[in-house]
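What follows is one structure encoded as structure tokens, with my remarks underneath.
Read from first to last, the chains carry the letters A, B and C; within each, the first residue is number 1.
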Amino acid sequence: MKDRQSRPCVELRKVVKRFPGVIAVDHVDLEIEQGKIFTLLGPSGCGKTTALRLVAGLETLDEGDILIDGKVMNDIPPHKRNCSTVFQSLALFPHMTVEGNIAYGLERRKTPKNEIRKAVGEMLALVGLVGMEKRRPSQLSGGQRQRVAVARSLVLKPRVLLLDEPLAALDRKLRKEMQVELKRIQGEVGITFLYVTHDQKEALAISDTIAVMRAGKLEQAGAPDEIYNTPRTKFIADFMGATNILSGKVIATGDGKLQLETDSGLQVIALHNEDKGSNEITGISVHPELIELLPSDAGLQGGNRFKGKVIEMIYQGDFIETKISLRQTGELLTAHFPSRLDMVTRLSPGEEVLIHWNPKSSNTLLA
Amino acid sequence: MQMVKFLSKQVHLPYVGPVGLWVIIFVIIPMGVAVYLSFVQAGSHGQIIHEFTIGNYRALFTGERLMILARSLQYAVVTNIVCLLIGYPLAYWIVRHGGRFKFLLLGLMIVPSWISQLLRLYALRRLGGDPGIINSILLGLGVISSPLKMLFNPTAVVFGLIYTWLPFMMLPIYASLEGLDESLLEASVDLGATPLNRFFTVTLPLTKGGVFAGTILCLIPAFGDWLSPLILGGDRVLMAGSLVRLYFINVGNFPLGAAVAVILTAAVLLMIYIFIKLGGEEAVERLV
Amino acid sequence: MKTGKIADIIQRLGVILVYIVLWMPIIILVVMSFSNHAIGLRWQGFTLQWYVQVLNTSKAMEALKNSLFISAVATVVSTIGGTLGAYGLYKYKFRGRGALRMSVLLPITIPYVVTAATLLLFFTQVVRIPLGYISIIIAHITFSAPLAVFIVLGRMARVDWTLEEASADLGAGKLTTWRKVIAPVLLPAILISAALIFPWSFNDFTITYFVAGVGTMTLPIYIFSLMQYSMTPVVINAISSIFVVLPIIGLLLVTFLQRKETA
């Protein structure tokens, strides 16, 4: 008999959901730990929103089981599951005040009026909207509306809070602020969050666990640094910004390292992890910020050193996105060189450069 | 010179000028004439005696005539309520379950409103009259032994009113239901509302505007309707509109008729005012 | 969920019932117009004789011509005037704007009898306009223009007005801009207005009755007179069928066009 702490809060077991002509969720297995922020990340159409709606009960699944706290929820309607959804469009009731919106769920449960007032007051304090009770949604800013939506769902103390791309409509600065806010609120309340987004930076900032989805299938689930530094597939690597992807085969191993020959003929060195068989490896990925610029007289010894020509430089503030064409094969690599270095600021398109990355900095891909 | 300068600045005039002028000439002024006439009396040969008197109003606020006016309001309100009770669920069903047939069902509701009220009521009379189609069928089948008297009573008139004005109640309600944000309905269910809860706390409040518009398009015309009382009531049932017709066309007593018209207008404007206060300014914004 | 299914069926039946009650009288009217039996209600055989009779009745044909003429004029004037009015109301702020908006609403918010009666007063007591074509057309325009104003006004809110600015910016005069940019964009609303106004005007009885005077007869007035004095209801049925069939054809046409557009 597992105790509450060790049993996952939400489980998806081989869940399938089909729509006419497409399998939205394709045999997905997930375990969401209690009290953590779990993010479904992926491009549009990957099935993440459908998965969320299945947990909410707003869609019915075709195969598999969804469990909340160990209980099967397949046939239970949304208002009887102990979860609450923050919709992408927020869906705040335009004809009710902030107070009315937050109190809505409690009123449906026939909670006594004084308890409602107390709970609403606590919520307003938690999300930082004290004094706004009597306003209508149309009189609030985007960020404020966001908070009302979250408050409205949290006040019901659900086991799981489901958030469907809640920050998608906000501008960059506001989004960053709200990410911090949401994490803070979750920390204070301790409720499990199931979060859906297509923005990998947001997922990295907010999540305790990230699950990357693609075409209805779960590709990889793990801690943010795992997904970022050691993505298992080309798709995930690319999605997380490790845009330098070199396909190839392992031709030699030894000494904790392996040598990979890319399809284009480059020889690269990477670290050899035991849990990845050398014949399963299909390539490597390197994050742009991990590619270093060497002085041009530094020579080619030492592995992973390549000569190339600068094709394009785009100023991005703290780094300069530089596209380099390798002399040996002509393929393009993208590097983010720190703009504070003189060596970097003296560069211009057309110049010859010597680049390098540490074998530790690359990640081996399985697919 | 100054006039020309002034006029040339009024860019809006060529656009709103025609409509504005028309409204003044053919709506406001006639209304004013009616108000004036309501305070004078007609002489024995039908000419107007230009002396101020409230005799017309006194005549209308007594006895039989007052009853007619009051009953008109009653019938109109009943018509409105029934149209609402039929129209709202109907519109609701079509929006939620209509699917491919939405447009067709909508069309089937609109088309009768394109057919002359005269004809539609005439058809009802042929159906329910004595002799009439329903009676023929029932007599022929032996279900009844003597014909039913379905016409020439208030029920028939009200039925005719409902029959005529139902589409006008249903269409604005349909429009406001269609425009309802689906995610609001989902949110309410997600927050624990039963379907009944959801209807009363979200759907109904947000479709107030449609109900308001439907009421304006149903109650007011029904109030002034004189065709249904004529055709289905055989003029044995008189409504306010019948009085107007009576005094203007049959009897030729314009001042008295004008008084009825003024009373009707005042009553309607009062009703609209009350509705706006009840329904809120948002409903008006949505219309205008 | 058995109760769900039953409730569903009951709802469907309810909906069907409403439509049957709504259409049954009309359908019977049309069907009977083909019946061979002059007065009674029994079906004695299919015939077109009543339609032939109608076509041969000069009064009926004249009434039809009058109706078509009056409705056409009223529709055109109302639609154009209404569109211009809507444009002015939407784009310009001027003194009396709110008042104008409210008063344009007036003819359709107060009972039809009142507007009709006051117009009759106006024609007979104040201006001495003869009761006939002119008075009827004026009355119809008074009732339809507000409708056009509001339909077009509704559409105006959803239009991209930068198109108009672009046109002016590119050197087009106001008239040209209207012809090439504004009118085409407003066309759907204008057509809908016309599509609503014409049948309304064609079918109107209660208002026309007040202002028609003695000499002019529109089709509804003709039918009314038949109803009062004639003994051959089947002829009325024949005329009525025209009234019924035309809107249905109109609806089918619109449905067809809509399907084509979305396809």
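Note that a contact is a pair of C-beta atoms (placed from the backbone, for glycine too) under 8 Å apart; a residue touches a chain by one contact, two chains touch by 3 or more.
Small disclaimer: the values here were computed from a predicted structure and weren't measured.
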Maximum centroid distance from chain B, chain identifier (CA atoms): A
Winner on C-beta contact pairs when A-B is weighed against B-C: B-C
Euclidean distance of C-alpha centroids - chain A vs chain B, Å: 58
Centroid distance [mean C-alpha coordinates] between chain C and chain B, Å: 16
Residues of chain B that touch chain A when the two form their complex: 181, 183-184, 186-194, 197, 201-202, 205-206
Residue numbers on chain C that touch chain B, as the complex places them: 8, 11, 14-15, 18-19, 22-26, 28-29, 32, 40-42, 81-82, 84-85, 87-89, 91-92, 94, 96, 100-107, 109-115, 117-122, 124-126, 138, 141-142, 145, 149-150, 199-200, 203-206, 209-210, 220, 223-224, 227, 233, 236, 240, 243-244, 247-248, 250-251, 254-255, 258
For the chain B and chain C complex, residues of the former touching the latter: 10-20, 22-23, 26-31, 33-34, 37, 48, 86, 89-90, 93-94, 97, 103-105, 107-112, 114-120, 122-124, 126-127, 131-133, 136, 163, 166, 216, 220-221, 223-227, 231, 240-241, 244-245, 248-249, 254, 257-258, 261, 264-265, 268-269, 272, 288
Chain B-touching residues of chain A, taken from the complex the two chains share: 56, 58, 77-79, 84-85, 87, 89, 91, 93-95, 104-105, 108-109, 152-153, 156
